[in-house]
Every structure is written in structure tokens, then in C-alpha cells.
Amino acid sequence: MKNITNKIKEPSVASKSGLPPGRLVYIGKETTAPVRITVIDYDADNFAEREVKDLKECFAFKETDTVTWINIDGIHHTDVIDKIGAGFNIHPLFLEDIVNSQQRPKVEEGKRYNFIVFKMLDYNDATKNVEVEQLSLIVGKNYLISFQENIGDIFDTVRNRVRNPDSRIRKYGTDYLAYALMDKVIDNYFVIMEKMGERVEEIEDNAFTKQDTKFIRDISYLRRELVLLRKTIWPLREVINTLLRGEVKEIKPETLLFYRDLYDHTVQVIDSIESYRDSLASVLDVNFSVQSFRMNDVMKVLTIISTIFIPLTFIVGVYGMNFENLPELHWKYGYQLIMLIMAGIAAGMIYYFKKKKWM
Amino acid sequence: MKNITNKIKEPSVASKSGLPPGRLVYIGKETTAPVRITVIDYDADNFAEREVKDLKECFAFKETDTVTWINIDGIHHTDVIDKIGAGFNIHPLFLEDIVNSQQRPKVEEGKRYNFIVFKMLDYNDATKNVEVEQLSLIVGKNYLISFQENIGDIFDTVRNRVRNPDSRIRKYGTDYLAYALMDKVIDNYFVIMEKMGERVEEIEDNAFTKQDTKFIRDISYLRRELVLLRKTIWPLREVINTLLRGEVKEIKPETLLFYRDLYDHTVQVIDSIESYRDSLASVLDVNFSVQSFRMNDVMKVLTIISTIFIPLTFIVGVYGMNFENLPELHWKYGYQLIMLIMAGIAAGMIYYFKKKKWM
Amino acid sequence: MKNITNKIKEPSVASKSGLPPGRLVYIGKETTAPVRITVIDYDADNFAEREVKDLKECFAFKETDTVTWINIDGIHHTDVIDKIGAGFNIHPLFLEDIVNSQQRPKVEEGKRYNFIVFKMLDYNDATKNVEVEQLSLIVGKNYLISFQENIGDIFDTVRNRVRNPDSRIRKYGTDYLAYALMDKVIDNYFVIMEKMGERVEEIEDNAFTKQDTKFIRDISYLRRELVLLRKTIWPLREVINTLLRGEVKEIKPETLLFYRDLYDHTVQVIDSIESYRDSLASVLDVNFSVQSFRMNDVMKVLTIISTIFIPLTFIVGVYGMNFENLPELHWKYGYQLIMLIMAGIAAGMIYYFKKKKWM
Amino acid sequence: MKNITNKIKEPSVASKSGLPPGRLVYIGKETTAPVRITVIDYDADNFAEREVKDLKECFAFKETDTVTWINIDGIHHTDVIDKIGAGFNIHPLFLEDIVNSQQRPKVEEGKRYNFIVFKMLDYNDATKNVEVEQLSLIVGKNYLISFQENIGDIFDTVRNRVRNPDSRIRKYGTDYLAYALMDKVIDNYFVIMEKMGERVEEIEDNAFTKQDTKFIRDISYLRRELVLLRKTIWPLREVINTLLRGEVKEIKPETLLFYRDLYDHTVQVIDSIESYRDSLASVLDVNFSVQSFRMNDVMKVLTIISTIFIPLTFIVGVYGMNFENLPELHWKYGYQLIMLIMAGIAAGMIYYFKKKKWM
Amino acid sequence: MKNITNKIKEPSVASKSGLPPGRLVYIGKETTAPVRITVIDYDADNFAEREVKDLKECFAFKETDTVTWINIDGIHHTDVIDKIGAGFNIHPLFLEDIVNSQQRPKVEEGKRYNFIVFKMLDYNDATKNVEVEQLSLIVGKNYLISFQENIGDIFDTVRNRVRNPDSRIRKYGTDYLAYALMDKVIDNYFVIMEKMGERVEEIEDNAFTKQDTKFIRDISYLRRELVLLRKTIWPLREVINTLLRGEVKEIKPETLLFYRDLYDHTVQVIDSIESYRDSLASVLDVNFSVQSFRMNDVMKVLTIISTIFIPLTFIVGVYGMNFENLPELHWKYGYQLIMLIMAGIAAGMIYYFKKKKWM
């Protein structure tokens, strides 16, 4: 998984420029992890699960009536993807999209299957970063192939439900399995939103008190993360909407309601992102206003002190002059008089400031 | 009811992540209040009302020709919801939405009923907070089931109208009853808007005079409330629009006009929220401008005092020096001369400032 | 008529909350003025006009072939509205809208008539306020009922045209009469726009010179008025568009062109409001920039004076010290030398500021 | 032609308020210039051109098969427009629009003709103003009537092309002639855009150096002009789009491609206006930032000088006191010591400022 | 190729104003380079490639069944374009667009071909500028004519693929060839985006540390480049969408999927541009905030120093006065006392500032 904030560079897509379309090139983080392929084959009554070493074992399931879920962890071995593509007649362009870990979420209709790409998000508690991983689904009539970038356990709960002979998933087809996988991924979005929400709230709590560059830096960083989350999740809304509009086959009417639920959840996540962004913008405004009020207070103190003492300092300077003929110096109560006059000036100024509401 | 500004966290939805879809999990404020179930059964001529203890009593009404309104106060006992769902054949996904108090407002078409979710708002005079509660409606041909989070009296006026044998509500079906409930809820929105309007107006009145952090804090808090109100009410517009477009069955043409009226009211509430937000933004701008004008005034005074006295103080400093050979000190009218010169300088500067319009 | 800027509160709508829908409640300014009902009955050849006391006189015109225009000034006597509604079979919801002077502009199709609500605007030269009044039209095949809040003379020109046997209005039906009334109201919008335009222009002329809180207050107030004008006029655009799209019956093709003209005018008014708002926003920006330039100028003068004299004052302070052993004091031309040195420092600083372009 | 920036007032439209629709009232700049009517009659083989004095001469061309272009310079003589309207059966509302020089650009379908209104723009090199003039076209099957506000030579190139028997215009009908006229007008828009572009570029070049009110004034003025240009040109896009969508008759398929070209050009002009406005907004931001950086620099110098010398001045003040018992004054190297101490303080402060990166 | 930031002027389009439509005028940078014409003729089995000198050689390929790709480098020799147009029956308006290097990207349907215009972008490493070049395609059934402004090697990879008898391109028709060319151009967009991304990232890294005009200038310049990139690429989205919607003939269903891929890529590029612009705007805000925090710090130091020392300086001034009768001067420990008092005042002020959190 990649840290989401690194995605802004998109260097690898460019590095592919110059190659003919149709040649598979892995675009993503360098990795040497092995590819793991697991197959789960089930219907209402039967269930089989195993890890396969030879890809050809998979092809047998293509025409069986049972639901077959082939999960592939690791897309950097493009030859594996190539063989899968050949075995299941997947369009070369889709294979390209599968190995390009920076593909925009989308749904496409192939000849006998649908192709869905979207993003899994995970919050890394250690680094406090949101990590993003691409998930591609090939949803055929009797088989579903899922491609993940790394070996992960996110779908273990789905696997457990499949293992349970009484669960609803055993009675439905691949369209429901696809829903279950997407639902799991979108459920994870809410976990991310919760973390984001906590951080937004913490920032809002500090809007009126924190006045330093670090605070601005925190807001700026969180805002950037939200922008990238939005860029990642936003297209999924259109993807599910396309599925809902029935523009794509293989989704049965009884499963549609579940997809509508997915749509609802996606919209809710996007709504939250928008309102978080809005909140951050508002915090910046408020923080700036507060800072400016403080600046104002500082300036007022400076002005009051200066305007009171500058004239007084001038006056004492006058009587510090060494002129031979400076009559006031020889008055008996000259000093006392000048002190009184200065007290009067100070009082007058304070009165003026009070009237002007500066004090 | 939850304070609306707490909603920003949405922690509970995330806590559900990991569970299979279809298992009922209550998402909302912890509560131990009992669940109250009341049944009102009526048509133009008959009327019966009672509080039921055993859920099975309700199921009898499912097929009768009379209109049956089952009101359930309390959604935290998920087993009750489960039984209701089984008795009335409600889709499991809808049951999930009913017990998730953070569901986005929406309308869905079930097999023989419509499912509507939206939010009730209440202004708590004691805490000066807007409280939000979820209302879910299952609108069947002859029955309407309403789910509230807490025991409340908001629908007492509707109950009174049902009790009155001459009221229009007795002559119409469940679609009109659903309208009456929604109308009551939207009427309450106007009460909230009135309170908000008063606070906006108070803030507008102070836009030119209040210059402190507390004022900014008030604006910021009210703005946040308006954002959340908007997020709560906005989807209702689409809900009613879907009902109006006739995409959902069970609404008779003669009731459509009433729903159009609801739509009008919702749009009016949203318009008000928008114009309040606009007003607050404008108050912030104006307040900042005014503050900056004052800052300017302060700076000008500082500048005038400083620029007049700093040079004069220098001059008196010159004649305070102790040089043995400082001829002016021995002039007869040296002191008087220097005072005149300084008066001249001060007058020149004041003239300059007047010309520059700084004074 | 109500001052438009008071509308922001909308208290009365809330006060209705709690009543069943369908009961007529007047929402608007308290008034005890009597209700005036005038009837004009005409076709190409005939013309009759009178003020009626008994409402039943009106009902006779319902089925005649001539065009009958019933104008009702005053909507606070809800019983009068009730009787009219009963006599002409008007839907209770529409009657409610008629007596709610804060209804959003809209058009609805009734059984044998169209119902149109919109706002008349009037500029009160004495108070310099825009006043708003609601106009509701029931446009049947052979009759048109108009409801005004107050007794007014705005439609006198329309009446005069009806009285003139050669005018086009006598040859057309109620759809053209409705057009003539709306055209009159929209013509008045242009008068308001002219007044607004004058005020906007005056503000623009002062954008670079006025630097005080009152100016900001003027802008802020005008901006608020424009927001409310926009809120009042904007929905009318959709109203006329609905009429144009032919979604509503009773409008003959030959009258459609006139409605298209209305639409044009409404769009032009809205365009003007938008460009006025834009201008005001721009004036605020410009004014702020100018103010900040001036602040800058003030700061520069302060800095120049301070930075030149503060070091010099220090130097003269040095030679004002009373140390016994302070050799320079005893030099023959110590004073002259130090004066030269200080002149040199001042010159150097002025040169530095000139180079930095601060002077 | 009127200066475009004067248009913001729109006083004359309001002055018409109160008149019945259908009465022709000239709305525009007062003028006493005579009306000039020229007729060009042509087909592929024939060509005739003359200036007519009696309007009746024109009516003869109404039914001929040749293309007849009647150009009318001057719309303030409403009786001429009235007669033309009667002769060619033009709808009274269109006549009203023709003599209202502030009509919003639009296209309408009449009984046997299309009615198109839009604006000609001209850059007056002397006053450096954009001048706007209204052009109305009545495009019938065999005749085209164009109405200009003033006598102008803008269409001379079109006339020359018509005079040339080999030009494409001679082979096409009135729809192509209308295209040629509109194309000429839109070509002129590019000239305006070029002038605007030069001014925008000049302003962008100065964004980092000019720091005065005049610069802000220039930006503000140019921005206002762009807003008005946009308001003038924007509706033309919709006009041509309506023509393209074929909602209006009389445009032959082979001419459609030319209109698509017009649409392209209009969009390009609007794009340019948008990007110019964007540029100006950005210049304002940048200019403000730069100004604020400079202010910062000024403040830093002030602070550094003040904070260094204010404590030093205090110290020399201490030893300028006249206390009888002030031991340091009698030390042998008191003066030298205090000078060293002060040098140390100054050095420390400079070090502190360097560390803080203020110097 | 032209530097993209120079495009803002668009002088040449205006210079064409006054000419009849249909006359070919080259609009672009002055150049005297020769025109190079290369022809590649191929189908699955055959392949021929050569540079032609006489245009007539090309016309022979018009009716052959093989795919013919005629590439023309240089559009400034309008007579060449004219002859091509005549030979292939290209509409004069399209020829005009081809030689106008500032044509907005678009697609048009001709009689037996489609006409596509869009922009190639190239990053010039030497000047660090994005250079823009127009590419026009005439896509007929059996021939494709591409027009480039300059001799370039961007399509060499496409040529290599055509030369390879096993490549997919040899089996498809002109629609796929057009796709291959557009794909190549859009691949280059990603290279530009990478460069932009690097610069945006560099700017983001400096947002909190760089505080000078040059930094603002860099942001401003990059922002301007992004605006122009957006203006250049944005219309391409609509172009490909038009092709996808099947509004234009000659694109076979099996090629559609490839065009959908193009669309995806274009949207991805536009998304990146938007998020880069967003990032820059945010950097400006953040930078301004940081600067303002620093200013605040500077002001605080100034205020603290001033407010502490100004009153003290006044006090020492008092005892520097030369009054004969100034009793404190003669006290034994007057000096020590006054020093203690001043230390007390300073301590009090520091305590006050600490309490106010200014220190």
C-alpha cells in the first residue's frame, strides 16, 4: 500500500509513455513479494477452498455452474496477469488497467463479464497515514476474479461468511459476491472517516487558541489528505451509479437493492469529506480572525504606551537642555509644576483613549 | 436526541465495520429506555387506539382494509425491529437502516411498501442546541409503521386529527398519513429556522460594533450548526422529489398535491439556510473590514505622535549634550529660539498630515 | 407591504406549526384594513366594472363566456378567501398559500385552473426601502382571480387598457390578462433595478476614496437587499419557464410568445442582480486594497522617521551623559564633529531608503 | 454606440414602465441622426443595390425568389420600424425588442421568419472604451432585414463579397447571409479580445512591481469591462446553440456547419474572457501578497532599529541623570565601560535577529 | 511549437478579421521551414512507406482498400493545404481550422470523414516551458491525414508499430490508427503532468519556509501555466466523449473500448490539473498565514521592548532635568532607589506580558 499523499506525483504513468498500448507494464511501488492465488468454489450446498500454484487449475472453473472466486494478491508479476487474461478471455486494455495501480476507479462492460476498478483505503496507525491499494474485479457469470496489490486480510470476514453454509452469500451469485467485497471496502472508508473526523474535531477545538505555524501545517496536511481521499472516492460514486442504472449486465434485480445501499454509503462518505473540508476552511478563517484580533490588541498597547510617554519624554528632554538662559529651571517649584503638567497630559490622553474605546 | 453538532464524528458507523451486511446493529446513543408500541386503526367510520405489549397483535392488521398506524418509539432493541421486519416482510437492508440512527435521508421501494427515512429536528431551549432524531416510515397499502428513536409527543397533533371523525385524514389512506407525519416534521423545521434567524439577526446587528474573539466564536458555532442542518435537510428534498416523480408506487394522484406542498416547504427551509450562511459569511467580512479600519486609526495616531515628537526629542537631546564648546547654549535667547524652531517643525508636520488626510 | 430586509426572520410561518394542514391562517403583517373586491367583466364587445360587496355576485361569472377579472385587495380576512375558494372550487392547499404572505413563488395546476404566486416589489422613496407584496392568481378558462395584500393602484394601467375597446387585451382571454398583470409587476422590477443600479454606481464611484465604517455599512446593507431581491425574484424564472414548457394548460399558443418575453425580462433582472452583487464584492476588495496601501504609506513614514532619529537620539544621549572622564566633550570641535557625523548617518539612511524605494 | 461601462444603470428600460406592452418606445441614447435604408437584391446571377427613401419600395421584395437584404441604420424613428413591421408581418413584441437597444441577445421563431438579436462591439481607440451597439436580424425565406443603431461601415466587407459574382455568398440563401453578418460581428469580438489581452498582459507584467492605488484602479476598471463583455457575449452562445439544435427553421443543413463554426468562435471568446478574469483575480492576489511582503520588510527594519536602540537610549539616559550620588560617573573608565557594554548588547541583539532570520 | 504562456494574447486571430470566411490564412508563428509529406500505406499483409514530393501521389490512395496515413509536417504553406483539401474533398471551413494554429480542440463530421483537432504538448527541458503544437486529423474510411505544425518525431513509435507486421495496428482500420495517434499525444500529457507535479511538490515543500516575492512569483507562474494547460486539454474531453457517444461515424464498435480508455486518461489528466491548482491555492493561503504569524512575532518583540523601555526612558529623563530644585537628586540613595523602582516596573510589565501570553 502506498501513502495516499505520495500519489500526487504520478511518476510511473509517465514512465510508461512511449510503449505501445496493449503491452502489460506494472505501475506501482517496487515489490518482490510472491503472488498468492486462492480459489473458493461454492454454491448453496458445496464449498471448496484452496491455494493454487498452477494457474491452469483455475481455468477449469470457468464453465462450471458453481460460483468461483479467484483472489490474486500481487499484480507486479505481469506474466501471471497475462496468463489469467488469456485463460478468461479478458480484454488486453483491462489487463493493462489491472496492473496500473494508479487507474482511476471505473466500471467497463467486457464481452461476458464486467470489469470494476476501485480503491481500498487503510489507516496505518503507526505512521498516521492513509494507505491506498487498488482492487480490480472481473465479474463473470459464474466466476469472480479479484486482484489486490498486496497480500491482505481485509476479505477474511467475507471468506468466513462464504464458509458458513447458512449465510445469504451462499444462495446468491457472483453479483452478490462482488457487492460483499465492495461493501467491505466501503465499510473501511467509514473507519478512515472516523479517524479524519477525530482529527478535524481536534483542530476545531484548537481553532481559537492555537496560534502557530505548526497548527497551520496540521490543517494544511489534513486538507491535502482530504483532497486526495475525495479524488480517490469520488469516481466510485459514478461507478456504482452505472451499475445501478443497469447499463451493465449480470446484475440481478434482487441484488440491485444491495448496490443502492452501497451507493448511499459512498454518498455519505463523500458528504463527510466535503463537510470536513468545509470545516477546515472555516477553522483557517476563524484562526486568522482571532490572530488578527490579538495583533490588534498588541498594537493598541504599543500605541497607548508610546503616545503617552513620547510627548512626556520630550518635555523632560526640554528641561534637560543645558541652555544658560532657561528660566523655568530656576523657578522654585518648576520641577513640581512640570510633573503636574505631565500628569495632566497623561490623564488627558488616557481619557481620550477611553473615549475612543482603545482601552 | 443527539445534539446536532456532535454528529460530525460518526464513530458508531465505523464500529460496525467488519460485520456481515444483514445483521442488525443499533447505531446511536446508548439508552436503556423501554420500547413503546402504539397502534391506531381507523377508516372513515371506525377508530381504535391502544398500546400493544405483544408484537403479534400488530401482524393481524397487515391485511385488513382499515388504515393501521403502528408507531414504535425506541430502535435500540434490535430484536423488536427484527420481529416487526419478519412479520411485515421488510427487507433486511431496510431494517439495518432503521436501527442506524445515522442513516442519510432516502426513499426506497420495497416489495409491497415504500421505505422513507428522514430526520426530526428539535430546538432544546435549555441547552440552546438543535437536537436531531431519526424517523423511519414503512408505508404499505393498509398499514404505516413509524420508527422513532425516543418516546416523544411530536405527533400528538396528528393523533388528535385522526381521533376527530370529521378530519380529512380519516378519509384518505396511508399515503396521506405519511404526508401528515412529514408535514409535522417539516413544520418543526420552520421553528428551528426562526430560532436560527433570530441568532443570525442578532449577529448581523453586532457586525459593526463587536470586535472580540467571542463574537467570532459565536459566528463560527452558528455557521457549523447551519452546515449540519443543511446536511440533514438537503437530502429530504431529493426524497420528496422522488415521491413526486411517481417513481415510487402507493401514492395516489389526489395526495400528490400535498407532497408538492411538502417539497415547497423543504425548498424554502433550504433557501433560508443558504441565505443565513451567506449572511454569516458577509458578517465575517464586514467585521474584519471594520476591525481593519480601526487598526488603521490606531496606527495613524501612533504615527502622528511619533513622527512629531521623535525629531523634537532629538533636538532637545542635542542641547542636553555636555560639550564644553556648544555655542548655542550660551546665546541669550537660545532656548526661546529652539522652542520656536520646534514649534515650527511640529506645525509643519501637522500641516503635512492634514494635507495627506491622515488627521 | 413589508420592508424586504425584515423578511429574514420568517417568524409567522413557524407560529403556524402545530395546526393541521388545510386550516386557513393568515401569515403576514397585522392589518385591519377592509377587503375590497372589484370585478371587471369583458370580451371584445362588452365591458362592465363594479365593486362588489356580496361575494355571491362573483360566482355568477364562473360559467359565462366573457373574461371575468376578480381582484381582491386584502388577504387577512380568511373567511372571504374561504368563501371564494368554495365558490370557485379552489383546492384548500392553494387557499393556504394565498393567505401565507411568505409563500415562495410557484405555479401549480389545479383541476380547471392554474395557480400562480409571485411577489410585487415597490421602492418606497420615503424610507429608501424595497417593499414586497404577494400576488396570487387563479387563472381559470373564463375567469381570473387576483389576490393582493393591500389596496394598491399598480394595476390601474392594466384596467385602463381593458376599458379601451380597441386594446389587444380585449381580444385575448384570461391567459393574456394574466400575462398583462405579470408584465406590469416585472416592469416594476426594472424600476427597483434602476434604483439599485444608482446606489451601486454611487458606491463604485467612492470605492477608491471612502475609507470608513459607514461606507462598509452601506455596502453591506445594499448587498443584503440584493440577496433578498434575488431570493424573491429567482423562483419566478422557474415559474414562467414551467408555463413556457407547456406543462400547465390554459395557455394558448398565441400567448406563449408574450410569456417568453416575460421570461426574458426576468432573466435580465436576475442578470442585473448578479452583476450588482459582483460589483459590490469587487468594491469591497478594492476598498480593502486601497486601505491597505494607505496603511502601508503610513507605516513607511513612521519607519523612516523612527529609523533616522532613533540612532541619532541615542548618540546625543551618549554625549548627555555625566561621566567625569568623557574625553570627546572636551574636544574643541567635538560638538561640530558629532553634528556632522549625525548628518552623515541621516544621509546614509535616506540613501538606503531611496534605494529600497521606500521614499 | 454607447460606452459599455455605462450600461450598468439601465435607466431607460425602467422609464418605459407603465406603458402597455405593444407600444413601440425607443430605448437608447438620444440621437437625431437620420435613418438610412439600403437594399441589396441578389441571386447567383443578378445583383442590385440602392438606398431607398420610401419604405414601400422594400415590400415588393418580400415575395421575390431573389435574396433581399434590407439594412436599416437607426432605430430611434419608431414609425419607420412600425411601417417595416406592418409590411413584413413582424410580431409587435419583436418590434419592441428591436427598438430597445438594451435587449438581451436571443433568437425567436416568428411565423415565417426567425428573429435574432445580439450585440456588436467596437473598440474606440480614442477613448480606450469598448462601445456596444445592438444588431437585430429578421431572417425570412427570401429576405433578411438588419437593424443597426447607427450608420456604420462594419458590413462593408460583406457587401463587397455580395457584389462579387463568384463569391460563395451569392450561391447561398438568407441563412448564409445571416451567418456572414454574425461572423463579421464575432470576428470583431476577437479584435476586442486582443486589446483586452494586451491590457491584461500589461497588468500581469506589473503585478510584482506596481504598488499603488492607480494600479488597483486599472485592474478594477478592466475587470468591470470584462464582466460587462461577458454579460453581452454569453447569451449569444445560447442563441447560436438554439440555431444549431435545429429548433428554428429556415437554416439549411449545408449552412449548419458554418453556424457550428460561429459557435466555436463564440465559445473561444468566452473562454478568453474567463481566463482574463481569472488572470486579473490572480494579479490582485499576487499584488496583495507582494505588498504584504514589503510591509513585512518595512516592519522588520523598524523593529530591528527600535529594539536595538531603545534599550541603549535608556542606558545613556541613566548616566545622564543628575543624581549627586551616582558612583559609576566617577569611575575612571566608566564611559568606556558603558560603551563596551552597549556594544555587547547591540551585538547580542543582532545575533538574536540573525538567528530568528529577521535580518 | 509555441511557449504555452504566450498564447494569452491571441493576436493573430484578430489580424484575420476583415477577410471573408473561406480564404485560407495561416495563423501561427512565422516560419520558413519546408513542408514534409510522408505516406504510409498498409494492411495486414502489405506495407509501404515513402516521402512524397508531388501531392498528386497522395490522391491515388484515396480509393484503395488499404489504410493510408498521410502525415504533413508544416501548415504554413497554405497552398499545400489547399491542394490536399481539393484532392480529398475537405470542407473549406475545416481547412481554415487546420491552418489556424489557435483552433479550439473539436471534432466535426464531414461528408465522408471525421475532422479532429487537438493539441500536442511538449516539455522543453532547456527553457522549462510547456510548448504547444496543434494536430489536426482527417479520418476517412481508408485514409487518415495528420497535420502537424512542425517536423517532429513524436509519432515514431507509432510508425514502428505499423512497420511491425505482427502488431495489432496492422489488423485494424483508420479508426484504430487515429486512436494510436491520440493515445501517443495523451501519453505525453502525463509526462507534462509529472513535471508539473514535481514543481507543485517542490512549492508545497517550501510553503512554510519561503517568505519572499520570488516564491509568490513561482507560484503565480506555475498557476498560469496550469490554467493554460487546462484550457488546452479540457475541450479534448468533450471531443472524445462525442466520439464515444457514437455521434460520429467511422468508428467501429471494437475500437470504442480503446477510445473509452483515452477518455479515462484525459479525465485523469484534468483531475490532476485541478488538484494541482487546488494545491497551489492552498499553498498561497498557508504561506500568507505563516507570513502573518511571523509578522505577529515581530510586532510582539517590538511591542515588548518598546513598552518596557519607553516608560523607563521617561523616568531617567526626569532625573536628567536640570531644575535647581529637584529634591530626589540630593537623596543619598536616590540613584539606587530609582534603579530599583525601574527594575520593579520592568518586572511588572514582563509579568503582564507573560500573563497575556505575548512572551
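Going by the order they are written in, the chains are A, B, C, D and E; count residues from 1 in each one.
In this section, contacts are C-beta pairs under 8 Å (C-beta built on N, C-alpha and C of every residue); 3 or more make two chains touch, one makes a residue touch a chain.
In this text, all values refer to a predicted model and were calculated from it rather than measured experimentally.
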If we look at subunit B and subunit D, which chains touch each of them?
-> C
Comparing which residue numbers subunit D and subunit E contribute to their contact, where sharing over half means same and under half means different, the two sides are different
Let me have the rounded angstrom distance from the C-alpha centre of subunit A over to the C-alpha centre of subunit C, please.
-> 41
Rounded to the nearest Å, the gap separating the Cα centres of subunit A and subunit B is 26
Multi-chain contact sites of subunit E, meaning residues that touch two or more partners = 292, 295, 299, 302, 306, 310, 313, 317, 320-322, 326
If each chain is a dot and touching chains are joined, what shape do you get: line, ring, star, complete or other?
-> ring
Starting at subunit B and stepping to subunit C first, the ring reads B, C, D, E, A
Under the touch definition given earlier, write down the residues of subunit E that touch subunit D in their complex.
-> 8-11, 13-14, 16-22, 91, 93, 103-104, 106, 108, 211-213, 216-217, 220, 223-224, 227-228, 231, 284, 287-288, 291-292, 294-295, 297-299, 301-302, 305-306, 309-310, 312-313, 316-317, 319-322, 326, 328-335, 338-339
Sites on subunit D touched by subunit E in the complex | 157, 161, 167-168, 180, 183, 187-188, 190-191, 193-194, 197-198, 200-201, 204, 207-208, 257-258, 260-261, 264, 267-268, 271-272, 275, 278-279, 282, 285-286, 289-290, 292-293, 295-296, 299-300, 302-303, 306-307, 310-311, 313-314, 317-318, 320-326, 356, 358
